[in-house]
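First chain written, first letter: the chains are A, B, C, D, E, F, G, H, I, J, K and L, and each begins at residue 1.
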């Protein structure tokens, strides 16, 4: 695996069900265009509140994937 | 929205089901007396353990809401 | 000054001009009801964006003031 | 204990003797009006200096206690 | 409780369902050999990705338990 | 808003007037090609010095915007 | 000293007198079974509160000592 | 230099020789498509281990370069 | 530039106008005796409050400059 | 890989040649008794100085490996 | 107080009695040559261990004092 | 060793070969005028890039040494 280069991008996914769903949405949306995703680290969790209730769960996620030269 | 002032308070909610429930308990308890809650950020997650088993999930949450002069 | 107790609260001020105005709004709104404010530390600066332009500057501020027993 | 909600407040106590006394002053002042205090975490220690000597020790403390709806 | 000594260890649990399950696996595996577990703090959450999908949720957990002299 | 995915990018703007101008330059340059910018968080402020004078103010800014599949 | 390997463990000591006593309890309990302890760093200080009073001071301590192969 | 805007990207390089080589691989791979690279900050160093031996050194690097409007 | 050594010092500047002025005061005061100042990083921003109003803005700044052997 | 549990230990290795050697010493010493080591993260780098010269390079390393019940 | 400039230095004091004594030693040693010391912040506490016992308490302290042009 | 006071200074060394050389340059330059240097901690590593290549490695280092009253 030596000498390959990976890029790290940060995405925010959201879900009205759970942080697992929010993070999964971010990963799977990215998975449509990015190859060789390996690990997704959670940087931050929060919630959007409307009318005193939790409206959605959000997860900020760092994703690493194989770097292609055209960025 | 300019010139309005928000206050941030920190609450700890707990649940025997999930961190989502724990955080939601904190938000909805606060929602009974605080107006204009917007965003709730998760500062810390932990678990209480009893007899070697997880007894409850806890979430420490920062909540911002519109500031009223009497604090 | 020994033996007195201070409380720290966190406020978010905003302004469409500058972070200095945003922080000042937070301090002076609090100053109407809290006595003996001393130091205000900046914890976070951000901006709200609308239509690709900066709509307001926001400052999250920790304020310490003399603690009264009724919280 | 599940489903109860706690609030976290931050106080600064001071003492001319030690940080233990400074933190204890913060806790016991709060204990007069807040119920069910459990844990007090130390966030910061510093000293006030006068004429090149330590005039007082200060401890910034996070205190959690049972949340009542009227804040 | 004074004068007892606790040790803190760090474990990583994983689950293909949720971070709650991942953390619970770490706690309950540890609970088979460690006595008097009290609190488990979450230090980090991440996900393993395979073929553009979330394959497992992982939780890095700090566990404290009563210290016995033979480590 | 649930289920949409946002991307976070980090830019550094500069200005010889103020950090507000520096941050605004970063946001408005980005606003020419990125849609649905919402919040811009300040990660770092610094200054470039020439001949013992401040030559420019710089702001490092995290910007979130709606994620499109082609990255 | 080159080429030797040290291990770092984290302990929590407590005392009803002071954080110095709490940290010392952790160190001296460990010193009964671990050889070549050198430095103990304080990672966290807190207090347990009972009936609105400080019941004990606790210190979380990282201890390094010479590593033996059987862990 | 005032008023120009830079973008920051995060890459992970690896090498079976050293962290200097790992970081250099990340920089020089990026240098093929990005113009005006200036500074590369190291955010994290780690190692991949196989069969109890170090198989590769990895460096996570933040790179800033001149921002072009098409991102 | 290789092989030269820089020293980093930390100053706190203040101004009753803005944080830019506060930081500039720190830099330009230092610039009278230190040669080859390059970059000044902001470590902390705060405000001194008097009578419920902002009396001055303060900026804590890290300055690097060419190291001379006599310290 | 789901449902397996890993333990994280922290070691400090040293070398009079480089941080790579220091970290490798920590990993390979651990590799004699621990199975399934995967990733070693660098937490801290420092140097021991003697007579104004660098006497050794040290690396503090977090190592994760498969958890066995007897700790 | 506006427009004055302060410098921050970092000292490590030690004592075989307590961290208060250790910090006080650092402050009072500095107080012999530095004027207008105001606040001393604690950055780190640790202990030196000899023969399995605490040999001394150490406090790393940031001290701010009025800046004079000759550094 | 009790009761002696140490000062901590921060230097940035650079080298076109490695971070070890960069840090060593900082330490040995300081060693010409400072007595009793003990430990040098690495605070930050970065690289200067020219023409898409690594031009130099830089290490920011905290050095502690025996404090003399004239600073």
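Throughout what follows, a contact is a pair of C-beta atoms (placed from the backbone, for glycine too) under 8 Å apart; a residue touches a chain by one contact, two chains touch by 3 or more.
These numbers come from a predicted model, not from an experiment.
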Original post:
Starting at chain A, what is the smallest number of hops through touching chains needed to reach chain L?
Top reply: 2
**OP:** Treat touching chains as neighbours and tell me the shortest step distance from chain D to chain H.
**Re:** 3
Original post:
Which is it for copies chain B and chain C: same residues on both faces, with over half shared, or different residues?
Top reply: different
Subject >> Cα-centroid distance, chain I relative to chain J, in whole angstrom >> reply: 38
**OP:** Mind checking the centre-to-centre distance between chain G and chain J? Centres are C-alpha means, answer in whole Å.
**Re:** 21
Original post:
Approximately how many whole Å separate the CA-defined centres of chain B and chain L?
Top reply: 44
Original post:
In chain I, what residues contact two or more other chains?
Top reply: 9, 18-19, 32, 34, 48
Subject >> Set of all touching chain pairs, with the criterion as stated earlier >> reply: A-B, A-E, A-F, A-H, B-C, B-D, B-E, C-D, C-F, C-I, D-G, D-K, E-G, E-J, F-H, F-I, G-J, G-K, H-J, H-L, I-K, I-L, J-L, K-L
Subject >> Parts of chain D lying in touch with chain B, wherever the complex brings them together >> reply: 1-9, 64, 67, 69-71
Original post:
If you look only at chain J, which of its residues touch chain H in the complex?
Top reply: 18-20, 23-24, 27-28, 31-32, 34, 37-42, 61, 63
Subject >> Complex interface listing, chain B residues touching chain D >> reply: 9-16, 25-26, 29-30, 32-34, 48, 55-56, 60
Original post:
Can you list the chain C residues touching chain F in their complex?
Top reply: 18-19, 44-49, 52-54, 57
